[in-house]
Structure formats: C-alpha cells, structure tokens
Amino acid sequence: MASAKFEREYGQHLVEQVLKGKMTRRQLLVRASVFGFSLTAAGQLLAACGGDEDGTEASPSAAGMPEPVLGGHLKWIGPAPITEPDPVTIYDQGGIVLVYQFLEYLIDLNNDNSLRPKLAESWTPNDTVDVWTFKLRSGVTFNDGSPFGAEDVVTTMERVLDPDNGSGALSQLNGVLSPGGIKAVDDLTVEFHLDKPFADFPYMVSSGNYNTAILPRTYKGDIIKNPVGTGPFLLDQYVPKQKATFKKNPTYWGKDEQGRQLPYLDTTEYTMVEDNAAQNLQLQSGAQDLQPQTVFQGAQALFQDPNLRVDIYPGTGIREVAFNIEKEPWSGASGKQLRQAVAYCLDRVAINKALYDGRSNLGFDTFWDPTVFAGSPAVPEERAQDYEKAKALLSEAGMADGMKIKLTFAKYLENPQLAQLIQEQCKPAGITVELDQLSYDAYYAGDDDDYYGTTPWLNAAMSITEWGSRPAPGIYAAAMLLPDAVWSSSHWDNKDFVDTFNQYESTADEGTRMELATKLSQLQQDDTPILVPFFITQLRTQKKNVYGVEGPGSFYCDLSRCFIAQA
Amino acid sequence: MLRLIGRRLLLMIPTLILVSILIFALAEVFVPGSVGRSILGPYVTEEQVQLLNERLGADRPIVVRYLSWAGGFVTGDWGDSALLKVPVRPLVMEAFWHSLLLAGFALVLIVPASIALGVFAGLRRDSVLDRTITVSSLSMTVIPEFVSGVVLLYVFAVWLKWLPVTALPPDGSPFYTRLYYLILPAIPLMFLELGYIARMARVGTVQVLSMPYIRTAVLKGLPRSRVVFGHVLRNAMVPTVTVIGSQVGWLLGGLVVVEKLFNYPGIGRLMVEAALAHDIPLLEASVLLVAVVYMIANLIADIVVALLNPRIRMGG
Amino acid sequence: MDDHRQTSLGPDPDLRKEAAELGADPEMIELRAEAAASAREGRLPADQDRRDQELQADAAAAAEQKRQRRYLVKALLRSPTFMIGLIILLFWVFMAIFSTSLTQSYTAQDAMSSLKPPSAAHWFGTDDLGRDVFARMMAGARTVLVIAPLATALALLWGSIIGLVAGFWRGLTDDIIMRGIDVLLALPIIITSILILSLFGKGTAIIILTIGILFTPVVSRTVRAAVIGEREREYVLAARLRGERSSFVMAREILPNIMQPIIVEGTVRLGYAVFTAATLAFLGFGLAPPSPDWGLTIATQRVFLQIAPWTVLFPALALASLVVAINLITDGLGRTFSK
C-alpha cells in the first residue's frame, strides 16, 4: 500500500482532474498505477468520478476465455538470444523473453503501459519526487530456497549501475539514479534517492527497463549454470542457438483470483528460429503453439490461417528518423524549416499501410501522443502530407530549387522499406534522398578511440534508428532528446525544452504535468529534431486454443496464466 | 602412393596456419565493431564497452591476440565463445556433425543422380533429351536456395503436409527419422550441385566418346554396355570427381542459407554469426574445421582420380 | 626452369617414360599427334618444307578463315538453341538499356494498393510498397547484366592464367600456386565474401571484384585439372618435341583444346555470379534498395511468397530465363564449334 496520506491526497487530485475534464478515466488508471495505487484503490477512484464507463480494456484473449486448464506443455518460437542471456547485459528479444520466464521485476507493465505490482507491492514518492519508497512483497523465495529481500534489490540495482558490468540500464538511469542511491530501510523496504526529481521513475525499475530483473544478492554472472530467480518457471535445459525448456516453479508465490497455484502450464519449450518466414511456416504447420512477437511483413498469411489467432496490441515502439542538428543542412538558421519540410512530405497513412497493413498508430513527430500514451495532451497538429507547405518552407529556407540529403540506416526489420517510402515521398517537393544502407553491425559500430564521434547512428546527417517499446513519453525524451542523453542521434539542444522537461519530471501534480506536457509536445513538434511517423502496433500469434498469454510490447511474454484449452 | 598421401596431409598444416592467420586478420581488422560491443549491444556507452574489452583482453595488439589464441588452440584448448560463454569445442563439433549429416545426405542424393544424368546426356549427345538435361539442370543451380527452399517448404510442409517444417527431429529420434527430416533441406542443396556435376560428367563422357580408341571399339562391335561401363563411365568420372571435391566448399557455403531457412543448427550459421560478432574463438574453430573437411575431400578426390587414371600422378 | 623438358624427347627420361606408358612407340605418337594437330588447325605435317608451306598457307588461311567464319555464323543462325538463347539474352539487354523509358516508373509507389495481384494496370501485380512488379522486373536486368558477366570474365581471365601456368609447368611453381589456391579455397566462400565486403565497403565495382576474386581459385583448379589431362596427350608432347616455347604451347596448343571445360566453367560461374550477388544481398551486403535487382528483390519480397507470390516468382523467373538463355547460347556455340 502506498502511504495512506499520499494516496488520499493524490487520489483526490486525480479525481478532480477527471471531473474537470482534464483527464480521461483511462488516463487516471495509468497515472494512479505509476504512483503505486492498487487496482482496488484505483477502482475506488474511478467510482468517485461517477459514471459507469469501465476504464479497463479487455485484453483480446480475455473475450470468451474458457476455464483454465491446469498442466500441459506449450511449444513456442522466437529468435535465439544473440549472447549468453545474462539479464544484466541482454538487449535483444530472444534474451529478454527467456529470462522473463524465471526472473521477475519490481513492477510489470500492463498492456496499456500502466504499472502492475510484482515483487514490489507498492511505491510512493516524497513531496519533491526525488525519493521513492518501495514496499516489497513478503514471503517470496528464490527457486534455490533463499528468501527475497531488500538486499537483493539493492545489489541488483548497484550491479547495473556499475559501468564495469556493461549494463544497458545504466544509460537509461543516467542522470536519474547513481550508485549509492539505493538504501535498504528494512528487509522489505527500499528507498531510491534520485539525482533529480523524476515523476516517471517507477517505469525505470519496471520490466520496461529490462536489465533491472531482480537477481539474488549472490549472483555471479552465470545465469545459465545457476538460473536462480523468483519467476513462475524454472529453466530446465538451455541449448545455445537451438532451444530452451522450462518447467513450472512449484514454490512460485503467485496465485490466480480463484487461489489456484500459478503457473497453469507444466512445461514449455522455446524453439529458437531467426528467420521470420521460417517461424511463420512452423506456426502454420501446427508445430508451434505461440509466437510472442509477430513481424508485420508476411503476417497476412497468419491472419488468414483458420487455426491461428493473431492478437493486436497498441505498441509504443518507433523508428526514430533523426535529423542531426550539427550537420548540414539541418544545422543553421533555416534548419528548422528544412526539417519541417521533410515532415510535410510524409504520407503517414500510406507509410502505415505499406509497413503495417494500416494497423499501427500514426505518429506526428511528438512523443506526447494520447493514442499510445494515456495521460498525454492532444497532439498540437496532426501532420499530413502537404507539398504546398513543404515547398513554401523550402523556399523560405532558400532552397526553392530543392535539396539533396542522405539517409543512413541499418538493413534491419522494416528500415529499408521505410527509407524507400521517405525517399519516394520527398521527390515531389524537390528533395532528393540518397539512401545509405549499412549492415546492422556497421550501423552501430564506431572507432575504438572515438566511438561517439564516428558511429553512424549518432553521426549520420539523417538516420533511422529502431526503438523497442518505451512505457512513457518522458522515458523516450530522456533517452534521446536531452543534450546529455547518451543516444541522441539528433544532438538536439533546446534550452526551453530541457527546462520544461525538468519541471515536468519533478512534479506529481497532474494539472501542472499536463500543461508542461502540452508545451513539451509543441516544442518537440515545432522544432522537429526527429520524425516519429508511427507507433508500431504489436502482434502476437497463437493457436486458437491457447489462452492467457500476457505482456505488452515486443519483449515480454508472461506465460504464468497461459493454458491450452481442450480442443 | 601412400608416401604422396602422407605428403599431402603434411602440406595441410601450413595451409591451415595460413587460413587461420587470414581469417584472424580479416575478422579482427576489417569487420566493424568490437567483441565488447557485440556482447553488450548498441545501448551501452563506449566506456562500458572498453571496460569489457580490457577485461577480455581484446585491446591487446593483434599479434599478441593471435598468438594467445593459436597457443591455446594447438594445445587443445579451443577457448570459450566470447558471446555465448560456453566452450567452443562441443558447440562447434555438434554443429559440425549436423552439417556433415546434411551435406553427406545431400551428396548421397546428388552424386549418383547427377552422374547418371550427365552420362545419359553425353551418350545421347545433341538429342533433345541431352539439351533438356543440360539446360534445365544447370538453370536449377542458380535459383537461390532461399527461393527454392521457401517454395518447397510451402508446398510440401505447409500445403501438402508431407514433410516436416523443421530439419531437426525431437531428441532421441532414430536415425531414419533424422534423414526423413533432412529430405526437405537437402533438396535445395541438390539443386545447387546437380547441374554443375551433371554437366561435368557429360563433358567427360563426350570427350571419351570422341577418343579414337572408343570409336574403334564401337566400330569393332563391342557391346554398348561394355563401352559404357568399361570405358566411358570410368573416364567420365575424372573431371566429375575433381569437381565434387571442390564443390564441398560450395556445399558448405550453401548450407549457411539452408540452415538459416530450416532452422538447422549447423556450422554455416554459426560461422557467419561468429564472423559478424567478432567471436574469434568460435569463428576460427569452425572455419578451420570446414577447411580440414574441404582439403580432405579434395585429397580423396585426387586419390580417386589417380586410381581411375594412373597417368595422372599425385602432385601438389 | 624445366625448359629442357620441352626441347626434346631425348634428354628427358620422364617424358620418354610417359610416352612408353601411353603404350606406343615414339614414332607412332608423333604421327598421331601430327594428324590431330593438322586436323585441328589446318597445318601441314612438320617434316615438309616449312617456308614454302607457310607462304601458301598465309593466303589460304585468310581465305579459309573467312569461309569458316561465314560458315559458323550460318550454322549458328540455323541452330535453334542458340537463336532462342540469343533472343532472350538480347531481350534482357534491350530491357536493361531501355526499359526505364518504356514501362511505368519502377520506383513509383502507391502504398494504398500494395501487394495487389496482376491486373490491367499492373500486369505482374504490385509489391509491398505498391510498386509495379513488371517495371521492376524489366529494370532489374541492369545490375545482373553488369555484375555477373564482368565478375565472371575477371574470374575466367585470372583463373585460366593461373591454371595454365600451374598445370603446365607443374613442379615448384605448381606447388606454390596450388598452396595459395588451397588456402583461398579452404575458406568458406560466404565468410570470405563477408569479410572482403566489410573491408572494401559497398558498390557495384566492389561486388564485381569480390565475386571475381572468389571464383578465381575454383576456375584455376578446373583449368589446371584440364591442362594436366591435356599435357600428356600426343599433340602436346609433339609440340614440346618440336621445341615450341611453353607460352606458345599453353596459349596455342592447350588452351584451344580446353576451351570446352572453360566455357562450361564460364557459364556455370556466370550463373553462380548472379546467385552469389543475390545471396550477398540476402545477407545484407552488396546491393541496396531501391535497386530493382532480381536477387535483392527475391530476398526482400520472399516473406510475401504465400500471400503475394507474384512479387517473388516473376523476378525468379526472370533470373532463371536469363540463365537458361546463357546456357542455350553456350550449348549452341559448343555444338557448332565441334562440328
């Protein structure tokens, strides 16, 4: 439970926001979750708002779900982990989806990016939003029998913050949390002392920051030999590049609403297949029950298959089309007009149709987009293709005869298609786009002595970078739009934006946050350091008799409530 | 003869050393990125990568790194895969046996079929049949395996459901089940090689048939079967066997894509991934293993040729 | 270094032994070799007065050459395989040069009608970005017709030289050359190409060079094997007995006689060159979008094989038709020559 005083005051505040029409009920639920409200408490808040609208969305598989079947074996398929799946350093889908089976996070993400207590039961900030107190779940043990406690959380966080361990979580926590900032108050209470106020902090210790999976304090970096965690399954067998098998954790703490022991399944087997077309064929042949992440290209065949069900989830992953503000022609006084000109060349509807069969959400070059991030203000302008405007902006910038630009990207996922769409859509405005396709490795590689000054993804004049799901707009902005962000391909340095952003993350007042978010959104869209043409919808494919698979975004696949119904 | 074989085997050693140096230099100097970056991924800072590279010794001069790897390798310590953190030897050996089984199975299908087709075409030189065999078999070899593989998978595994979609049966399956699972992946490999070997056999046949002594034999009324089996086949084999030897390299190259497509845990895939990820111990071990097989295949081819045609001595 | 071998049969016991192994007395060999050589090149036996004969031959040869050439062209024109192959090849050459001004634009997109089946507006349907598959198929001939022949020509040139030298001289030269070739051949081709491309970057010229380098060892091995087979034949022995220079024997005596395996090797490599470029594109090296290259298109569109097979099958057919055409031409040429 969050502290009673905070919960009462903040709850009252949220209800007021809804009654004043500044927030929807759905937004209230998301924000309440960030501040550690339990579902019951959030439900009471909704009731206080009056009306009978149900704020929660039924998950696609929940509709007409039969009674769970206990036991059974699930065969699922996805890519192999690129490296040894050490939770401290994993960065790829294969690694993340596997460790998620036997490890847990303090907080999990729901399908709508609201937060769900997992190993943490509740969390509350102080008044200045720079100290967060987490109450941990009691009675949880690791699968080697040792009890879970505050010390495990402290060592896990210190581990990812130590640069020597090479964790990707470090750059996400950069400027927010430093080593020494995590304190065990008692065995089940942990305090996070932040470097600066950060209202979206809970996201950073959720499964959204996948390197923060809670490991036992004794972890030695040997995850495959000693797969010790608190999760619903035990890692049984791991054959690199081939398969991983899991069996149920008999001492798992989780129970369902009827008090039945989780997980329902006895065993699962994950088959590692890199090639998407080959994965799809295995699904169609009936050899596999589940594919946690389905890629849009070629998925039409799965949609048409009578034995399969494809679930569609609103995702938050993007392809960041960045203009490097330090490079010609985007630098200088007229850079902004040129960036906007490119933005007006894009036919976002057509891009969405070509890449995602029209199923993704359109993006308008701002992260604060209410269709994907509940609780965001309306988008300032829903940008559409407008060659008149693009040409006007070009001549305003002294480029009436058009310009030549170069777009750099990795041959990975749908990047090449997106690049070709941009190239073709820019033509009518007189903008010639030269495509510079690199291999995935080359795109992210750089010289040893000057990585940041040489790697294409941070130095190309214009580039496409793929980002997996991020749970909140503030997390995205902190990762790529601030001058001290490690991964800023745009090198954008807008003082107004930085100041506003710091205020935004240091207040828990939703009214103020909303005003600040409106301003941030306007600044981002107007200056257009990056194009965000869409937020990618997620697909998950399973046999028609497979139910209860949960987990949002591309990476997480919670099988604790999964079961296979009798045919 | 035995002395010559011994000499050839000895000559493999300097070749392998050169191969290992070449691979090491190419992979370490020219492939972008570093092993630390491959392990940690794009979302960590360069400082973190450098700390890891230091810990792994990847920041030492290239000669030192080569010698330290080579020293371990010759003493039997193949090292650990930098990426997967498991010992290289079992990883490579298992992948290698998988590949060898697939390639061997494909060869068993290819060689008799292609020689038969080639000799048949050669014997009926200039007939419509000859032309059909020559042109169609050779055209088949240039259809990329990722095209033929996907078509075959779709037709036989998904649509007709005659054959399994994967190449690897469940653990503990009997040997014939393994072969049954390998039929589908072997066909694209068969396409790759069939035309080339068949055409070589045909050329050999045509050349033999044009020899005066054969013409004489035919004119003298020697039975056709005696001509074919006594002279033609034996002589047509010479260029064919040479080509088969050299095609083992191609076959293993072709495996990369087929393994990828059929999710077959073979050595080709392992090798490409290791090359791109700076996983030197894994790359070197797999490349050297493939090189040894390739050279032995060629040695065997040379021995067979020498046996078929004693005039050709075993040279370099 | 072992020039004495070629000067006469006398001082070289090896050569005499070889002759003995052939099961004929030296005189017999000479006669048979002479007969074979004159049949092949229209030369008269060596033991006649050479000066006299060459004067006559000069005039006769010129006339003969003209006549033969005319005869060859006529024979080729009558060969149906050659003509069909030539027509298909010329079609693709024509399309490579002119298709961009004849068809719709091969880059124009209409995302709203992506992956549409063949229709009157789009004869061969549209691809994932709503581009006209027919236009892309026609324009796709360009890269193939530049890359594959040039890469093959490079490999044949280098490979023939290396193979001739190694196979003819044998000895230490052969040993050294074959060691180098062994090293190159022992490297898996796909690894080598990935590493070379990582080194040199991308672009059409680099791909041509890479494929040329990759194919050279294989070609030289095949040529060497053929040379070894030939160098023991009577006509070569005879030429060596006559005391011809080794470069002359290689280029004028052996090379014409191993043209058939070289042509076979060439057509096969031509096909493989197309194939290798496609595989490299498939693995992310070499060609890049929006190139309509067939191999690249097959690689990128193959995920749509089930729902939109036209995006893959038409470029695959185009690729196959080109290779069949090349094979038909070679086939026709080979048959006409041998008559």
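Every chain is named by a letter (A, B and C) in the order it is written, and numbering of its residues begins at 1.
Note that a contact is a pair of C-beta atoms (placed from the backbone, for glycine too) under 8 Å apart; a residue touches a chain by one contact, two chains touch by 3 or more.
All figures in this text were calculated on a predicted structure; none of them were measured in a lab.
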item	value
Chain pair with the most C-beta contacts	B-C
Innermost chain by mean C-alpha position	B
Subunit B and subunit C, separation of their C-alpha mean positions in angstrom	22
Centroid distance [mean C-alpha coordinates] between subunit C and subunit A, Å	53
CA centroid of subunit A to CA centroid of subunit B, Å	43
Multi-chain contact sites of subunit A, meaning residues that touch two or more partners	277, 439, 442
Touching two or more other chains - residue numbers and ranges from subunit B	31-32, 150, 154, 158, 276
Multi-chain contact residues (two or more partners), subunit C	198, 302, 305-306
Residues of subunit A defined as touching subunit B within the complex	82-84, 86, 89-92, 163-168, 170-171, 224, 240-242, 271-275, 277-278, 281-282, 284-285, 287, 439, 441-442, 444-446, 448, 451-452, 457, 486-487
Residues on subunit C engaged by subunit B in the complex (per definition of touch)	18, 21-22, 81, 170, 174-175, 178-179, 182-183, 185-192, 194-196, 198-199, 218, 221-222, 225-226, 228-229, 232, 260-261, 264, 267-268, 271-272, 274-275, 278-279, 282-283, 295, 298-299, 302, 305-306, 312, 316, 319-320, 323-324, 327-328, 331, 335
Subunit A to subunit C touching residues, read off their complex	276-277, 297-298, 300-301, 304, 347, 350-351, 353-354, 411, 416-417, 419-421, 423-425, 435, 437, 439-440, 442
Contact set on subunit C toward subunit A in their complex	107-109, 111-112, 114-115, 128-130, 198, 202, 284-285, 288-290, 300, 302-307
Interfacial residue positions of subunit B with respect to subunit A in the complex	31-34, 36-53, 55, 59, 81, 83-86, 91, 150, 153-154, 157-158, 161, 164-166, 168, 260-263, 265, 269-270, 276-277
